[in-house]
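Across the two complexes that follow, chain A remains constant while its partner is chain B and subsequently chain C.
For the complex of A and B:
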């Protein structure tokens, strides 16, 4: 397609050059209404018909890739992704956020919708984009050929932090994927050290559970991302920062500085030790 | 006069010019006096198209510079990754304002303004047929646009993108008045675009030089005619969309709220039904510039003129079938994807025809590489590249990847900047000698072109790659590790290079642009069309007969004869401003229209219209209403002088042709304007009915929703009867008025008009009451919202017609209305019948459709 486009472009530029610099008697053939017919009508009709047929053929293939092996529901929210893995009967197997792990070489169906404004789901290296529209479920199916980490990003402007609304798709060998999936189904790790225990207590005491769920604790909020296994994810803040103790502490203390206007307040009231404990606890939730 | 007579007369006229010389003493002085713009403070009330046109182009260019500065701030932010120069809030306002201003306050007004300036000159008319309307459109746009722009200094600019997709832009996710400012800014451009479209359609079709039949019409006038026609059919969709969004924001009528039966996609359909033709609305006039400039710089007529006209018409037509290609990623069915993909590719064919016609013309002639020619060549290079990437994004699978990435940003800047800004600069350099005592500098012009052309390609070519490697649009920052930084830095450097070119152009303007002097360097490019005739405030001294597409090349001695007053209407016989109205197809002289001159109420009406909209935006309701009332009074004051009636019996314009000074009915230019306005109204209503059916498809099986009853058919029949009988009364008044001829004012007419008003208002009241009694409310569900909107639109017409009825009665009381002097009455009557037709269709759909499916 790019080659064809380049050829046509060169042709038009060359003809214009001929019309300007070639001596008049040798360019008389170009000053003719029939050239307008040939170049303006015949040529594009031929090229475009071929291109259209090819495009529709490709689109049909992309729209009908076969029965899905797995169905994943993704809900776009300002400015993160709620991810629900569905079981065979359509029920929710487990919930996660901002990271989608899939087995390779299997068609995966994505059911896309939005909880607030219009977003668009796009992992460029895997598939085209598809909009997430309130009141509507769009779906498409694609697969990954190779294991690896693929970055995705919201592609429809969705407000203040549209720029920082990314996610990762992690394609894995099927066995590794199953191990991961069954771990995700399980409740969170229980804290084993004093610091982690105090982190968990602070997490609950500061009201984090009003918005976040950590399965296996009293935190059952549904407003923000599910944090049951947040420590095992590649990023926090929907692709904003890599996950480690330092970034977690920084995020909790100064959310509004790192990603202004998100709905989570900065917990600037926490002392350094408290922050470290909460961060350590979150990091331990693998 | 029959057609054959007119033809033989025409032939005779070519041999013997219509008026003899020397002209009577004082004739030229009188012509100058009549058309002279007012002086002192009154200067701003000027209405001559050569003044308003220049103001208008200047204002549009100012907005180009302002929106360009916003782009420079954005490019600076994106020059390096993770930049913290500006935050997300300002950045989001900047890109929203950049897009909105460039599209609505620069591109559309700029091409419209060029039309206001150029069309009468090109058609040898003394002015456009409604000079005060042009002035009103300009002032409302200029004042409103400046207020809209200054919102950026207060952090109050809209930040929902120029496309303003709800629900992001509705009350829930965009509280505050930022989004309302967008609706305000758009409101002005809607008014001025519609006003301009009416002016241009009537102007192109009815005020041409005698003999300038449609097959001799300059291509530019063709493009403006199609441009104006497209505005008539495209703008109502965005007018409706903005009205619905404001109703949702202000009163929570849920058109776009999914939980209440609305649909965010309704907005997208309405917006892009306007938005895609909009691209061609901008491009066609620019293509018109090119089709005028190329023949001149090549010194040979355009090759394949007829095919180019067909291509222009086809573009206008096809462009209405493409809007869905902006929605390929919204999850539409395969069939509609295929259809719109095919249509999107097909629209490139008419553009191909034009490109090859230009190449053929260049080959036929011998190009002079002056500045206009350079910009035209720059245009062809850029536009062809943009057109090719356009065909690529019309491919559905490719679009799924590049949609909303920098690839698309690159594509549409190639077609819009390439397709419109380059031709506009070409047009500036080309036509400024008609407006200024000095032409612009050829030496600076080459530098301006070089900087803009190289800067543009440096800025935007890399964006194709930036997009292909995955950078989405509308992001205020991006991570360093993705490898997007070098490309972005190059783009930023290019942007500043464009800015330096534009700056140099401004220097050139300051040094050489001297408008309003009535001095001109003359036909500097040896062009062939009428705008290069010697001219003053009155345009040409006499109005020529045209027998060719390039009269200045083919009709020897034309400028001298025109200037000597040997052609038609060499003076101002009625003592006021006037021009010849011609027949729409073959441009035979039909009558002499008397045109209004400068007026304060026109300017004040525009200022108070702006005040009204601004007041509503910042929620100062009482001042807004007062301002709106003053604006209405001002409009009435300005209109009062515009239906003068037959002031002289017949005027001899020369060559033995005697023309009336006043006509009514379908020959009248005013009748044509009203018909165009009714087309606008009809399109608006059609898009509203489309919205009604679209919302039904979102709520199948629940239309009306559970618990909502339809009013009994008796109510709707009564409402229909009242509407119809009000129209019947108006029809009767018209018939009786006609029989009275010139018998003077008549009480019966006043009585009938006053009787028709309550009948019409009664129809609306009965319909409204029927729905209200069933308990239907507009806030609960999209069904109620759309039903009440249909009635609200009807209400706007009822209110307008009530005002028009009182105005008509007032004209009668003032002795300015009788069986001949009746243009005011005819306009009221046409609009009335349209209101009735719309009311009946609305009633039929709202009351029968749910019963039909239920």
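For the complex of A and C:
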């Protein structure tokens, strides 16, 4: 493909050079009707028809990739990603957010939709963009061939924080993936120290559970991301910041400063000690 | 032609300079005691009346027959307007009468204005008179309650006025706040609690019309921060801001503790029939929220819940439906102030539409304060008419 493209490019550049540089009487042949017909119509028709045939042949494999090893439902929301791992019967195995872990060398089917406006799912190193449209499910299947962290990004302007609507695809060895997936299915870690216990209590008392779920506690809200295992994710705020105690505290205290107009309000009513306890608790939810 | 123009220009210059010199000399007497010439008074009144008429074009008058609005307006009038404008059974203060122009005795004069004009005057005040503008320009709802009261003023008897304005204090005309108060307040403003009781009652239950929010049994933290927010102008209200701004921090603490300490205050049942479906909808919003519409469960912060709760968030059980609904509307309009807490609630209230606001307000109004979990009778006769005490 590259060689063919390069040959055509060199030919076009050479003919252009001839047309510009060579004296008029010696380039008269270039204006001949047969040369124009051959180079301007016959050659493109042949080359492009061959490419179309080849393209359809290649795409056939993509359209019909066989049974996927795993189905993952991703819902685009302003401005984050709700991720549901489906089991064999189509039921939800577990819910997470903003991070998609997959086993390598296995075809993964992505079922994409949106809860509000049009978003577009795009992990450029792995596959092309696919729009997420409210009320419609678009799907495609791809796989990763080596372990690693691949950054993804919303590729359709979707409002104020479109630029901070990112995600990570983490491709893992299949055994490591299975370990991770069964851990995700489990409820959250229970707090073991006084600080973590107070963090959990403050998390509930300040109403975080109205929007967030932490399985294993009374927090059952489904408006924002599921936080059951938030401490084990690479980023918070959909790729906005790395996950650690400091960024978690900063996020809770001032979402509107870090990601203005995001639907989570800044919890500026919390004192430093309360914030640190909540952040420590969230970080412990691995 | 040229000469005429020159003459006019010189004349203007002379008049202008003369006027300036006259003002500079201080010969004009600005004394209120000096009064106006009849023609000046006529001209000023003519200009004012026409301005109010023109400026109030386009003001839409809401229904004004709600008794709660009339009570709210009357109670504010009692504290803020009566000394200058008089009231049934009360004449204007002699001090106010020395103003120029003297404020009109409204029980007799208010009929000269239509409701839209009254709204405009109460909201914006009048330049070159002593009439002030409404302290919270965002709160048209409060201004309308004053107008609702003014509309009834001409036929109002002194007894009716006292009842509307003072509630439980109406009978005890000689009673001073000193006799009612269960704690000693700063000598500087001995009537701080009296100001509260006029509307919220000595037991913190307001009035049964829902004209004023119920304070009994609310948390100290919430009552303290609410009064602080009013005092600092962070929560707009032309009724509460002036009252709270005069309180010292110590008084605010004591008042918050007083109302928070009232337990077992009677709940007032709703005297209306309630559609059980509406109540069920309210219960769903309060206890579960509606995730697909981005409506979080109120109970996570405001109860009822068995889980720990931040006392800085107000309790809603037993609160008047009209108060809850109006506050939610203010949040949606962006008129509920700008504090760290109000910004959190703004995010929660964003997706509530009018139907949901009414349903959830009714649900909380019918919930008993001591209930941890809701136990409503959702049978055919509806929960209407049930009293909680």
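The definition used in the following text is that the second predicted complex is superposed on the first by the 275 of 286 C-alpha atoms of A that agree within 3 Å, B and C clash if a C-alpha of one lies under 4 Å from a C-alpha of the other, contacts with A are read in each partner's own complex, and residues count from 1 in each chain.
Here, a contact is a pair of C-beta atoms (placed from the backbone, for glycine too) under 8 Å apart; a residue touches a chain by one contact, two chains touch by 3 or more.
Small disclaimer: the values here were computed from a predicted structure and weren't measured.
Undergrad: Go through the superposed model and pick first if A:148 touches only chain B, second if only chain C, both, or neither.
TA: Neither: A:148 stays clear of chain B and chain C.
Undergrad: Which of the two partners, first being chain B and second being chain C, lies in contact with A:44: first, second, both, or neither?
TA: Touch status of A:44: first partner only.
Undergrad: For A:216, using the defined touch cut-off, is the partner it touches chain B, chain C, both, or neither? Pick first, second, both or neither.
TA: The answer is neither, since A:216 touches no partner chain.
Undergrad: Could you let me know whether more residues of chain A are touched by chain B or by chain C?
TA: Larger number of chain A residues touched: B.
Undergrad: Examine A:201 and indicate which partner it touches, taking first as chain B and second as chain C; both and neither are also allowed.
TA: So A:201 only meets chain C here.
Undergrad: A:264 contacts which: chain B (first), chain C (second), both, neither?
TA: second
Undergrad: After the superposition on A, what does A:242 contact: first (chain B), second (chain C), both or neither?
TA: neither
Undergrad: Flag every residue of chain B that touches chain A in the complex, lowest number first.
TA: It is residues 87-89, 92, 159-161, 165, 167-168, 173, 258-259, 262-265, 303-304, 307, 311, 329-331, 334, 337-338, 341-342, 345-346, 348-350, 352-357, 359-364, 366-367, 377, 380-381, 384-385, 388-389, 391-392, 395-401, 403-405, 470, 472-478, 482, 698 of chain B that touch chain A.
Undergrad: Would you tell me which residues of chain A are touching chain B in their complex?
TA: The touching residues are 1-2, 5, 8-9, 12-13, 15-16, 18-20, 24, 27-28, 30-33, 35-41, 43-45, 48, 51-52, 55-56, 58-60, 62-63, 78, 116-118, 120, 122, 124, 127-131, 133-136, 138-139, 151, 153-164, 260-261.
Undergrad: So in the complex, the part of chain A that touches chain C is made up of which residues?
TA: Those residues of chain A that touch chain C are 115, 201-202, 204-211, 218, 221-223, 256, 263-269.
Undergrad: Per the contact definition, I'd like the list of chain C residues that touch chain A in the complex.
TA: 289, 291-292, 294-298, 300-301, 305, 307-310, 312-313, 340-341, 343-344, 346-348, 350
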